[in-house]
Structures are given as C-alpha cells and as structure tokens.
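Take a look at these structures.
Look at the two complexes coming up: chain A is in both, with chain B in one and chain C in the other.
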Partner chain A sequence: MLLNRKGSGARWRVRPDGPDKVTGKLAYLTDMTNPDMLIGRVLRSPHPHARIKAIRTDQAAALDGVHAVITHKDVPGLNRYGIAHPDQPVLCEEFVRYVGDAVAAVAAESAEIAEQALKLIEVDYELLTIVDDAEFALTGDAPQLHPQGNLLHRKTFSRGEVNAAFEQCAHVVEETYYTPRQMHTYMETEGGLFIFGEDGRLTVYAPTQHGFMDRMQLSRILAIPQSEIRIVSSPIGGSFGGKDELNVQPYGALLARVTNRPVKFHNSRWESVRAGLKRHPMKISMKTGVDGNGRLIAHQVRIIADTGPYATLGAEVLNFAVEHVIGPYRYEHVDVDGYSVFTNNGMSGEFRGFGGNQAIFALEGQFDRLAEKLGMDPWELRLLNMRKPDDPGPFDQPIAQTEGAKQVSAAMTASSLWQERGKHLGAEDEHAEPWIRTGVGAAFTMHGAGLGFGIPDPGAGKLVLASDGKIEAVFSYEEFGQGLIATLEQMLVEQFGFASEDIRIVIGDSDAVMDGGSTTASRATSMMWKSLQNLRPLFEEAVLTKASAIVELPAGQLRFGEGGIYAIEQGSDAHAAERLMTYRELAVAIGEPVTCTTQFHFPTSTTDLVGAHFLYTYSAVAVKVEVNQLTGRIRVLHQYHAVAAGPVINPQGFLGQIEGGSSMALGFALTEDAVMSEGQYVTKNLDTYLVPTIAEHRGTIDVHPIEDLPQEDNHGPRGIGEVGSVTLAPAIAAAIYDAVGIRVTKLPVDPEILLAASVDQLLEKAVSGE
Partner chain B sequence: MKDSINPLSPLDTRAIPCTINGNDVSLHVPPAKRLLHVLRDDLAMTGTKRSCDIGRCGACMVMVDGAAVNSCLTMAYQCSGKSITTIEGVSAGGMDPIQRAFLEEGGFQCGYCTPGMIISVKALLDHNADPSPLEIEEALSGNICRCTGYGGIKRAVQRAIEWRKEGYESGND
Partner chain C sequence: MAANAQGVAEAPFVWHPSNTAEAWQLKQTFGAEGVFTAGGTLLRTQWESGLAAMPTHLINVGAIEELHRLGMDGESQTGHIGTMITLSEIRTSPLIHKNFPLLTEAARNIAAPSIRNLATIGGNVLSMVGDSIPALLLYDPVLHWHDGSNGLEEPLSEWLSTAAVHAAWKERLLIAVELAKPTLDTNTKRFVAYHKVGRRDAFTPSVITAAISLQLDPDHRLSDVRIALGGGQTIPSRLEAVEAFLTGKPADKKAITQVYGMILESFEPKGDAFVPVSYRKKAAANLIASELWKASR
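Let's look at the complex of A and B:
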C-alpha cells in the first residue's frame, strides 16, 4: 500500500518539534546570542597548495575591537582533527592544502571588525604545484601532499579469477562512470556559540551528528579533559552527513578560551562552500561479463575517489563504495580495486548514501548495457542474477536474511509506472511537442546500515520516571530534521501506551545523555527501537513494582497508559478501565527518579572485513522522464519507490525521508555539481549551485514500504535515511536511454549530449509553430 | 554587533520609519544595512533565517507591503514607510491555517527554510486564493527546501487553499 496521510490514519502524527518550526519560534544553535559575545571569523587559504613562510598578526591584533588573533601557535593540544584519522590542521603550520584550510582566527566585537582584522593578517605563501586530479595524484610526477603520499586508502575485494573468466563471457560491457562533487547544502550553514562558564567548563552549542565525538576531538585540541566539555547539538537546520565532522567548533572553542568571552560563529554560504565537505567525485570503471543466457560471470571494478586534502571519513566512504559496486548480485568472479586519493581540491567526506550513490549509478548502468547486448529486458537480467535471501552479502559475509530484494523487485515491476513502459516511449507523443520524448527506467539498490564491521557502533538509551512525573526518554542522537524526536515519541506512545504529554524527550546534550553512537549511517531509528525493546521489560518491572506496592495490586495486573498506571482489564470492556494513579502521583510517592538504561552494539556480521554490513535496506525505483531535445533538459515526471526496511515506525518521517532523499538524487543526477578549476571553487553559492526547486518536482512520488520481515528477525526497522538518495539517479539514466537512446556516463547529465541530431529541423518546427 | 544602542528608540528624522508586524518603529541603523541583519541582529527576531545571503534560497523571506521579498537583498532604507511582516507576525494572532497545514501534512523537516516558505505561500494566497499548480510552482521557486523534496510542501499548500476556502482562520487551533 502506498504511504500517505490518509492511509496512515492516526499513525500520521504532528511532529512535536513542528509548532516551533512553522512559527519561527525554534531557536537554532546559530540563532543563539549572548550579551557578552564576540564574533569569530577564520582566515582561510586563498591557495589550493602552498607553503606558509610567515604569518604576521600584529596589525590585526592591534585593531580596535579585536580581542584575539590566533594561529597554530595558540593551539594547546593536538593541532589536528578528523573523526577516523586526525590529519586536518586546526590552524595550518607549514602547508596549506586546499582553499578551505584555516591559517588564523579572530574574535572581535563585531562581524565588521572581525572581517577587517582578517584583511590585516599578512601571510607569505610560496605557491606549490596544485594536485587537482586524483589520477595525476597517484603518479610519481605529483607532489606528495602528506608524509604517507597521496593515497589515503586502498580497498580491494576479490573472488575467483576475473581475468580468465572474461574469456568465457559471451558479452562484456566496459564503461567508465563519473559522478559530481555534490554539496550537502544544508540550509543552516555551520556555526554556533562557545562559552566557558564560571566553573571553567566549556559549553559548545553547535550542530554535529555525534556530540561525543566532537567532545573527544575538542578535548584533544584544547588539551582539557572531556568531562570539562559539554556539547549541545540540537536542533540543527539540516546536515546530511555534512556536519558530522568538526567545522567551526575548534575556532569557537579556542577563541572563547583565549578571550574568556562567549564567541559566536555563523558561516557565510561561501565560507561553508569553500571549507565544507562534499560528496566524493568518483571515477568508476567497470568491466562486467555474462554468459549467453545472461548469467553473470565476472565483474571488475576500479574506483578512484577524490578525497581532497584530508581524511575525515574518506577511507570509510571508499569501503562502502567497494561493497556497493558489488551490490545485490551474484558473480562467480569479482575484482574490485578502490583508491581514495588526496588532492588539493575541496574536502570530500561523509554524505547521505556514503559512497553508495556513486557505486549504484555505475553498477546499475552496467546491467542496462548488458541487457541491451543480450537483447533481454533489463529487469529480467537483474532478477536472473539477484541474490537469494540466504546468499551472503557483497563481501561474502553473513547478513541478516530477508526477502527484501525479491519483494521490492516484485512491487516495482507490478507498479503502473513500470507497466506503462513501452507504451509510447521513444516515439513522439501525439500530445507533446515534437522535440519531447518520454521514457521509463528503473534501478535497484541494496544499501547497508550502521558503520559496518570493525568500527565502534554503540547504541544506548535511558528511560526515567522523573521526579515531576514525566517519562523521560534520554538519547544521544541529534535532531537535524529527519524527525527522530517524532519517531521516538511515536514509539513511546504506540509501544508503551503513554500519551505524548506524558513524555519528555532529552537529546543532543552530552551532559544529559549516554553515548549511543553517531546519528549517521541510517542507524538512529534502529538504535532507538532496539533500546526501547531492551528497556520496556526493565522499565515495566521497575516502575510497575513500585506502583504495585502503592496501589496494592500485583505488578502483573498493572500497565502503563495515558497519564498514568492502569489495571489490566479483565474481560472485554477495555475502555472502562480507570486510571489508578497519575505518573506524577506515582513519582511523588516513590520520592526519587526511576531510571533504566541499556547499552549494546549495532548488529554486525561475523566477518573480518572492515566495513562489511549486516543489515540492509532494499529499494527498487521506477521513474518516468521527459527529455527536451531542443534544450537537452530533463523533467522528472513520476517516481515509484518500493522500499523494504521492516516496519514503518513513523509514516510521515518515512515518506519524508524517501521523498527528500530522492530530491537529492534528482539534483545529483541532473543539476548539482560544485565545480572546481585548479583547486579553486568556481561554484561559490546557490546562484550557480543548483539545488532542485519545487519547479523540478512537478511529478508525483509514490512510496511503497514493504514491512514484512522473517518471523525470526529481531532487528526491527532498518534505516531509511539514506536509501532514498541512492536509487533514483541510475533509474533516471535508464529512463533517458529509454526516451532517446543515449547512454549517460557522467552526472550531472550534460544537456548537450541530449540535443537531437536533427535539432535544426526541430528548431524550425518550434519557430514555425508546427 | 549593535549599530546603535537602542534600535527601537522613538521617532527621529535620521531614523528609518516603518511598521514591523503591525508595530510602528524607527530603525536607527545604517541605511544600507540588510533588513535580514536588522531583524536578526538588532531586533533579535531570529524566525527569519540566514542562508545564502544572495537572494537565491528564500530562507530570509519577509513580506514588504504584502509581497514576499528576500530580506538579505533589502536594505534598511528601502523599508522606509513600508509595512514588514515576518514569520513572527504571521503567527501573532495564533497559528495561521498555512502553518497548521504545514504541521499536519509534514511540509517541513529541519524547519530552517520553513519560515521563508510560509511567507511565500502567504503572499501567494493573500493575492490569489486559488492558484494553479503552475502558479504555486512560480511563487515558491525562490524557496529552496533541502529536506522534503517539496512533496509535503505541495500537500500543505493544497490543504491551506482548501481550509482558507472553508473559512478557517488564524487561531482556530
């Protein structure tokens, strides 16, 4: 059944954070101010690659209203950050390696003074050869950007003898795919407020996707214990992976420490563009062979990922891409060789889909091309080679077995959109202008959730009957729009029977919560669900036992309900039950908070391959597009998404994640690219970086969740935060081919390749109005 | 960060007179200062959001004499004698049906574009009670939402149109 408000009935709920969002009352962390605050600014390198010969800050420091100018000499602890591998200088010492590299930072009484101070800082640079191409970076001719060279990480996977196997293939397709430097473009740019309190502790009010990781990294930089730092990290105006790594936090914290004043940062869009993370541009070369019946025999892949100047999660993104270029299909012989390469381009890093977007675009493209060679239906070819439920995962690792692959495939092929395929495709639509062609395409994804084997991936949560009678749900996860507050409230209401007014949700404050890991990798809903599964019997036992002594009924006859404790009804008249006592009365009677906690680890595979996943979400997407052969522009008309991710916990959130994710995929496919030239951003703001607008979303999007899981499965809901952003791009590429017979190898699609060969004749028709 | 000690001091000839959310005020700010920063930094009205600073994203939209404009492109002097309505003003009399529709349809996620989006919808519906899908597209194409893919927004606008036709007014929640 398609997901919508009406069909969801009472399960479609108003988000608890909604009223403050639609009225503008919600204070984001970048809306915060303090009467004593200074304004912080960072001086960033104008050069993609240079040696710093001297930094002179005297004039800037002498400017009236300037309270501090700091350089690398003022970093008391580790002058590096990076979630997985700290190699990015907080403030550069000897080299700058991209145009976002920070050289100095200023705190002043106003933004104008701070900016003037930046102009007064003199830095002498010796320009060095720019490494702006990842393949050049791997050659011996390229300057080496780091002591270990220009290779951040290599990841390989192989099985069988791929070279010999190609000899046996009836058909082989070789193609190279290119994907863009997509920008997260969270609407709220980076920023926050940094305050050292009278107790000497630092409070950081700044968006992040893992408060405890920020706390650890800042403690390293400031050389103060983690216990001296409090991270407040919600609410957030969008992130999509982009605020997972530190951004302005080191500068805010250092300047607050040096000046002993609160310091505020709020990046301009251009500063966000030049310093911030992007999706890794990848060049993916694939050679894939089948026998005469279409059975896959061999699959060889080489991935070059431009990771930019520093690591962040570049290695982990590559691991994910290597896993996902193998994907949900079975091959006898596989050989994948991936390289994540340092360059002087912009920072690449974690971004919704995490390397899967690039991988699936390439992999699905291979199937469409092979099917054509075979004269087969492209979906039939996929079905022939698709994994079975008990097959191992892409890295041959054991995975949680579900029917997801088959289910989404069956649903997609039964959709009216897919059925429509072939009816008027390619041919001129009698109702359309002669230069309009329509086509339908489809693609398939198996997307891993969680951080994968070998990476700490904790889950944790706490339920408290607080002294004031509120049921507190305490989690470390961050709300950046995805709706996890709403999802958590919905689970508490539906699974425990509380009323929403009974509940107080505490998130995103490292002083108040346990470390339940990052809010990334489509994991938060799974972790909250699992936490509540663990906590429910504990909390019932703890609270109902206390209530039992008070109301003098056996605990086994009591239950939670709206507003308080109820007796479990005997007989049929469930609504007649009277509330025995309110939660407030119970809390007062107990006299102290009742607390239950749980800690566990995200489910992982029994493997030794780092990054291999255990839980997967499956999706199949069909899309209809219109190609304008006069302009080369594409309009996405209708989309159908089948998503197998276990039970739908929050219908509005689920629909929003798939619709929103697919919008990101639409931009990835058609319009978005942060263009760089010789290490400089050509694209500096949203005038040239084209995020899809409402006008690009003319068509309908049908979202069909498939909720069944095997009876023995106890992992609950799978992640859906990323999968929506993955599958649409290859489906659009297939639909374009269906419409005009042109294969797309590079995203975003270049309109020029879609112009009709007969464009002059079409133009004549257009002008004459025929 | 303040350009004057009290930006809301009584009328004087050097100040810029205007109406903000129905209140007559005098802005003691440099004439070229952007309205966005006047609102956020001088008046502490942070419902109006800052995002691109170049008029491409719509997060900072306010109504000036009933028309949706980007406050990041509006200088203080251009507000002289004008009536400005911010998101705070839209909800001053209780939640507007448009806001209620966004809530019920899930027309927002992170919420950062939402104030600007609601301003654009209000400016549209105040002038055209029954816009076509193309007119809605035109009116909202200056407001970028990165989270929703616009599905919930389109549904919210339809709902708001229906409610307004039925006479649903502010504060009915």
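Let's look at the complex of A and C:
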C-alpha cells in the first residue's frame, strides 16, 4: 500500500519540532550569540597547491579590535584532523593542498574587523604544479601530495577469472560512467559558538553528526582531556553527511582558548562551498558479460574516486562503492579494482548514499545496455540474475536474509507506472508537441546500513524516570531535519504507551548522553529501535517494581500508559482502566531518578572484509520522464519507490526520507555539479551551483514500503535515510533511453546530447506529409 | 568601499535624491565614487563576488516619483515604464499584460519572487543581458535618459550595440523605457511567444532567451515578423535577416528549415563554463523553428 497521510491514520503525527521550525522560532546552534563573543574568520589558501614560505601576522594582530591571530604555531596538540585518518592540517605549516586549506585564523570584535585582519595577513607562497585530475595523480609524472604518494586507498575484490570468462560470454558491454561533485547544500552553513566556562571546560555549540567524535578530535588538537570538552550538536539545519567531519570547530576552540572570550563562527555560503565537503566525483569503467540466455558470467570494474587533498572518509566511501558496484546480482567471475586518489581539487567526503549513488548509476546502466544486446526486457535480465534470499552479500559475506530483493521487484513491476511502459509509444497524443517525448525506466539497489565490518559502530541509549516525573529518552544522536525526534517520540508512544507530554527527549549533548555512535549510515532509527527493545523489559521491571510497592499491586498487574501507571485488568478494556498514579507522583514517591541503560554494537557480518555490511535495504524505483528535444531538458513526471526496510516506524518520517533523498538524486541526475577548473571552484555560490527548485518537483512521488521481515529476524527497521537518493538517477537514465534512444553515461545529464539532431527530426510528426 | 582610520570597511553613504536633476548632480559630484542604485539586487551579487567594489556613495533613485510612472498613451499607443517599476509590478500589471504580453511573460521568468519585488526594469535593462530585453526589443523600445536635462532619447537596440564598449551612459540616469504597441492589420492573427531556457526550471540564469512576434494573414503568409534572441552573457538582439527572409512567406517546412539553418549560422551567443556555444545555437534554432511551426498550425 502506498504510504501517505490518509492511509497512515493516527500514526501520522505532528512533528514535535515542526511548529518551531516552520514559524522560524527554533534557534539553531548557529543562531546562538553571547554578549562577550568575538567573531572568528579563517584565512584560506587562494592556491590549490603551494609551498608556504612565510606567514606574517603582525599587521593583522595590530589592528584595533583584533584579539588574536593564530597560525600552525598556536596549535598546542595534534595539528591534524580527520575522522578515519587525521591528515588534514588544522592550520597549514609547509604546504597548502586545496583552496579551502586554512593558513591562519582571526578573532575580532566584528565580522568587518576580522575580515580586514585577514587582508592584512601576508603569506608568501611558492606555487606548485596543480594535480587536478585523479588519473593524472596516479601517474609517475604527477607531484606527490603526501609522503605516501597520491593514493589514499585501494580496495579490490575478486572471485574467479574474469579475463578468461569474458571469452565465454555471448555479449559483453563496456562503458565508462562519470558522476558529479555534488554539494550537500544544507540550508544552515557551518558554524558554531565556542565558550570556555569559568570551570575551564570548553563548550562547543556546533552542528555535527557525532558529538563524541568531535570531542575526541578537539581534545587531540587542543591537548586537553576529552572530559574537559562538552559538545552540543543539535538541532542542525541539514547535514546529509557534510557536517560529520570537523569544519570550523578547531578554529573556534583554539581562538576561544587564546582570547578567553566566546568566539562565534558562521560560514558564508561562499566559504562553505570553498572549504566544505562534496560527493566524490567518480569515473567508473565497467565490463560486464552474459551468456546467450542473459546469465551473468563476468563483471569487471575500475573505480577512480577524486578524494581531494585529505582523507576524511575517502577510503570508507570507496569501500562502499566497491561493495555496491557488485550489488544485488550474482556473477561467476568478479573483479573490482577501486582507487581513492588525492588531488588538489575540493575536499570530497561523506554524503548521503556514501558511494552507492555513483556505483548504482553505473551498475544499473550495464543491465540496460546488456538487455538491449540480448533483445531482452531490462527488468527480466535483472530478475534472472538477482540474488536469492539465502545468497551471500556482494563480498560473499553472510548477510541478514530477507525477501527484500524479490519483494521490491514484484511491487515495482506491478505498479501502474511500470505497466504504462511502452504504451505511450503506440498511442502518442495527437495534440502533443512533436518534440516532447516521454519514457519510463527503472532501477534497483540493495543499500547497506551501518558502518560495516571492522569499524566501531556502537549503539546505546538510556531511559530515565526523572525526578520531575518526565520519561527521559537519552540518546547521542542528532536531529538534522530527518525527523529523529519525531521517530523517537513515536516509538515511545506506540511501544510503551506514554503520551507525548510524558516524554522529554535529550539528544546531542555529550555531557548528558552515552556514546551511541554517529548519526550516519542510515543507522539512527535502527539503533534507537534496538535500544528501546532492550530497554523496555528493564525499564518496566525497574519502574513497575517500585510502583508496585507504592500502589500495593503486583508489578505484573501494572503497565505504563498515558500520564502514569495503570492496572492491567484482565478481560476488560485496557483503555478504560483507571490511572493509579501519575508519573510525577510516582517520581516523587520513589524520591530518586530511575535509570536504565543499554549498550550494544550494530549488527555485523561474520566476515573479515572491512566495510562489508550485514543489514541491507532493498529498493526498486520506476520513473516517467519527459524529454523536450527543443531544449534537451528533462521533466520527471512520476516516480514510484518500492522500499523494503522492515517496519515503518514513523510514516511521515519514512515518506520524508524517501522523497527528500529522491530530491537530492534529482539534482545529482539533472542539475548539480560543483565545477572546478585548475583546482578552483567555478561554481562559487548558489547562483551557479543549481539545486532543484520546487519547479523541478512538480511530478508525483509514490512510496510503497514493504514491511515484512522473516519471522526469525530481530533486527527491526532497516535504514531509509540514504536509499531514496541512490536509485533514481539510473532509473532516469533508463527512462531517457526509453524516450529518445540516447544513452546517458555522465551526470548531470548534458541537455545537448538530447537535442533533436536536425530540424527534420524535430518536426518529423509535424510536417511529414505537408 | 568606505573605510575608517584603521582601514576597516564601512557601508557606503546612501543618498536619496528626490528628483532626476538632483540625482544627476550627485553623480556628477561623485564621479566613479558614486553609483546609482534602484533595487540593488544585481549590485549586491557583484559586490559579493568581487566583480565590483562597494562604492563610497550609493545614489538611491527610488525616491524619485517620476521614475515610478507606468502608463499608456491611448492615442499614440505607446507605453511608458518608469525605470523604478519592479519586475513584480510588471508581472502583475494588467496594463502591461494587455499591451505588451511578452514582457509579462519575461518578468515571470526572471529570478524569484523576493528578488522581483526589489529588482526594477531599469536595472534589468542596464545589465545589458537582462531577460526582459528580448521581450522589450519586439516593442520598438526607446530609452529616456536624464543627462542634465530630460530630453535624451535613444532606441534600446542602439544603446545595446555600444553599451559594452562606451561607458558614457553610466553618467546618465535612465528615466523610462517607452514601448510601442504593435498594430494589428485587419484580417490577420498575431502570434507571440517567449522562452527562457536555463540550467533548471526556475530561479536560474538564462542560457537562451527568445522572443517572437508575427502576423499571419488569411493565406498563412507572415508579416511584421519580430524575433529577438539573448541568453547568458549574450547581448540580446533582433534577427533582422531572419525577419526579412520570413516576411511574405508561409511558415512551411521549407521556410522553417531555412530559418533553422540561418540561426545556426548567424546567431553568435557567448558560451560559459556550463553551457557551450554549440548548445545555445541549436536550442535557439529549435525554439524559433518550433514557434514558427506552432504559428503555422
């Protein structure tokens, strides 16, 4: 059944954080101020690659209103950051490797003074050869950007003998696919407020997706214990992976320490574009062969990912891409060779989809091309080669077995949108303009959730009956617009019976919560669900036992309900039961908070392949597009997403994630690319970097969740935060081919390839016979 | 940009002259240090991107009543659009829609509502590449300037042909754009169309902007053909050769094919980092060919 407001009934709830967001009342962390605060600014390299010969800060420091100018010499601890591998200088010493590299930072009494101070800092650079192409970077001719060279990471996976196997293939398709440098384009740019308290502890109010990781990294940079740092990291005005890594936090913390004043940072959009992360541009070359019946025999892939100047999560993104270019199909022979390569281009890093978007665009393109060679329906070819529930995962690793692949495929092929396919060809509208062509296409994915084998992936949560009678749900996860607060509240209401007024949600504050890992990798809902599964018997036991002594009824006859504790009356209507006492009365009677905690690890596969996943979400997407051959421009008319991800915890959140993900995929497919030339951004702002507007979203989106899981499955809801962003682009490419017979190999789609080849073609229908 | 004793940037002085003579005098006084501003939407982006420095003096012409006049002279069938008329006002004006419908359509396609509320027709024209220009060019537009007196008049196309190289106009104040409503010959049908093609569907810089207006007589021959093309950094212009070629001909396949070829050959758009010249030529030829086909149906 399609997911919508009407069908969801009472489960469609008002988002607790909704009213304050839509009225603008909600203060984000970057809205915070302090009467004593200074304004911080960073001096960034104008050059993509240079040696620093000298930095002179005297003039800047002497400017009235400037309180501090810092360089690498002022970093007391490790002058590096990076979630997986700290190799990015907080403040550069000898080399700058991209145009966002930080050379100095200033704290001043106003933004204008701080900016003037930046102009007064003199840096002597010796320009070095720019490495702006990842394949050039791998050659011996390229300057080496790091002591270990220009290769951040290589990931391979192989089985069988592909080269020999291609000899046996009846059909082989070789193609190279290119994907864009997409920007997260969160509405709230990076920033924060940094305050050392009277107790000497640092409080950081800055958006991040993993407060404890920021705390660890900042402690390393400042050379102070982690216990001396508090990270407040929620609410966030959008992140999509882009704020998981540190951005302005090191400068805010260092300047607050040097000046002993609160310091505020808030990037302009220009600075955000220049310094911030982007999706890895990838060049993916694939050679895939089948036998005469369409059975896959061999699949060979080479991935070149432009990771930019520093590591952050470049290696992990590549691992994910390598796993997902194999995807949900079974091959006898596989050979994948992936390279994540340092360049002097912009920073690439974590982004919703995490390497899957690029991989699936290429992989699904291969199936459409092979089907054409075979004269077969493209979806039949997929079904023929699709994994079975008990097949191992892409890396041959054991995975949680579900029917997801089959289910989404069946749902998609039964959809009215897919059924429409082909019909338009025979019965084109007499009145339609002859240059408008429509087509239908589809694509498929299995998308891993969690960080994968070999990477710490903890989960944790806490439930407290607080002294004031509130039920506190305490988690380390962050609300960045995805609806985490709403989903947590919905689980507490539906699973425990609390009213929303009974609940207080505490998130995103490292002093208040346990480390439950990052809010990334489509994992937060799964981890909260699992936490509550673990906590429910513990919390019932702890609280109802205490209540039992007070109300003088056996604990087994008590239950949680709206506003307080109720008796379970056998055989009668539970809702009509009388409340025995309120939570507040209970809390007062107990006299101290009642706390239950749980800690566990995200489920992983029994494998030794780093990054291999255990839980997957399956999705099949069909899309109808209109190609205007006058302009080569595309309109997406209708989308259908079947998503097998276990139970829908929050219908509104589920729909929002799939629609929102698909919106990002629309940009990835049609309009978005942070263009660079010789290491400089050409798209410096949102006037040339074009995200889709409401005008691009005039089409309808149907979301069909498939909730069944096998009886024995106890992993609950699977991640849905990313999957909506993965499968649309290849489906659009297939629909374009259906419409005009042109294959897309590069995203965003270049309208020029879709223009009518001649005036005759343009007006074929119009003037033939005249 | 203004600066204090430490060299720290300050906001410019903003002047609010109440008439054109006063505004012009201020500009005379400040020279290059003074810049006229109306909506300020384009200036802001130029300052932010470093294309222009924030001036010491901003001369806000918004308080000059004369520049806000929008009207139609019934007798001469000429429209008068004061330079301060915003794009939102143009988009919603019944007067404009009735007499100069392509201009309504153009305004609908420029920027976004919040910007159209500030941005003016004067600013759009003086940018030399505004998306209103191809529409205006079909209505025999004349620019009215103040250069010490109110008498200077100049056809828009003439100004466009030299504006990029001769900067003398920057010393003058644009008062209004005057448009002539096309007359409709008896027994003919008028056909008009406006297209803006960008890299997305809304709030986007133009790649190709096209406007077309023509008359069809009862035997489907074309007359009073007016076609203008612009887009991106291309200064818009009328396609006079194509207009002459089509006049008196039926819009049949042969004529359309020839026009398509003429545009590919003669239209010289500017490319940029995002969209090459080759696309712009083909898309422009396609748009005009398709409109001729539609007109002929």
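Basically, the second predicted complex is superposed on the first by the 752 of 770 C-alpha atoms of A that agree within 3 Å, B and C clash if a C-alpha of one lies under 4 Å from a C-alpha of the other, contacts with A are read in each partner's own complex, and residues count from 1 in each chain.
In this text, contacts are C-beta pairs under 8 Å (C-beta built on N, C-alpha and C of every residue); 3 or more make two chains touch, one makes a residue touch a chain.
All of these numbers come straight from a predicted model, not from anything done at the bench.
*Asks:* Touching A:Thr693, do we find chain B (first), chain C (second), both, or neither?
*Replies:* both
*Asks:* Which partner chains sit in contact with A:Ser677 here, chain B, chain C, both or neither? Use first/second/both/neither.
*Replies:* Second partner only, chain C.
*Asks:* After the superposition on A, what does A:Leu755 contact: first (chain B), second (chain C), both or neither?
*Replies:* In the superposed model, A:Leu755 contacts chain C only, not chain B.
*Asks:* Quick check on the superposed pair: does A:Phe240 touch chain B, chain C, both, or neither? Answer first, second, both or neither.
*Replies:* first
*Asks:* Compare chain B and chain C by how many residues of chain A each one touches, and report the one with more.
*Replies:* B
*Asks:* Name the contact category of A:Gly294: first (chain B only), second (chain C only), both, or neither.
*Replies:* After superposing on A, A:Gly294 lies clear of both chain B and chain C.
*Asks:* Would you sort A:Gln629 into first (chain B), second (chain C), both or neither based on which partner it touches?
*Replies:* second
*Asks:* Considering only touches as defined above, state whether A:Pro705 meets chain B (first), chain C (second), both or neither.
*Replies:* Once the two structures are laid over each other on A, A:Pro705 reaches no partner at all.
*Asks:* Per the contact definition in the header, classify A:Asn685: touching chain B only (first), chain C only (second), both, or neither.
*Replies:* Both: A:Asn685 reaches chain B and chain C.
*Asks:* Same chain A residues contacting chain B and chain C, which ones?
*Replies:* 685, 687, 692-695
*Asks:* Contact residues on chain B for chain A in the complex?
*Replies:* On the chain B side, the touching residues are 1, 40, 44, 46-54, 56-57, 59, 86-88, 90-91, 95, 99-100, 102-106, 108-115, 118, 133, 136-138, 140-155.
*Asks:* Quick check on the complex: what are the chain A residues that touch chain C?
*Replies:* Going by the criterion above, the answer is residues 63-65, 112-113, 115-116, 270, 433, 435, 629-633, 635, 670-671, 675, 677, 682, 684-685, 687-688, 690, 692-696, 751-752, 755-756, 759-760, 762-763, 766-767, 770.
*Asks:* In the complex, go through chain A and note every residue touching chain B.
*Replies:* 5, 12, 14-15, 17-28, 30-31, 33, 39, 109-111, 184-189, 235-238, 240, 266, 268-269, 480-483, 652-653, 655-656, 659-664, 666, 685-687, 691-695, 697-698, 701
*Asks:* For the complex, give me every residue of chain C touching chain A.
*Replies:* 6-10, 45, 48-49, 197, 199-205, 208, 252-253, 256-257, 260-261, 273-274, 276, 278-279, 282-283, 285-287, 289-290, 293-294
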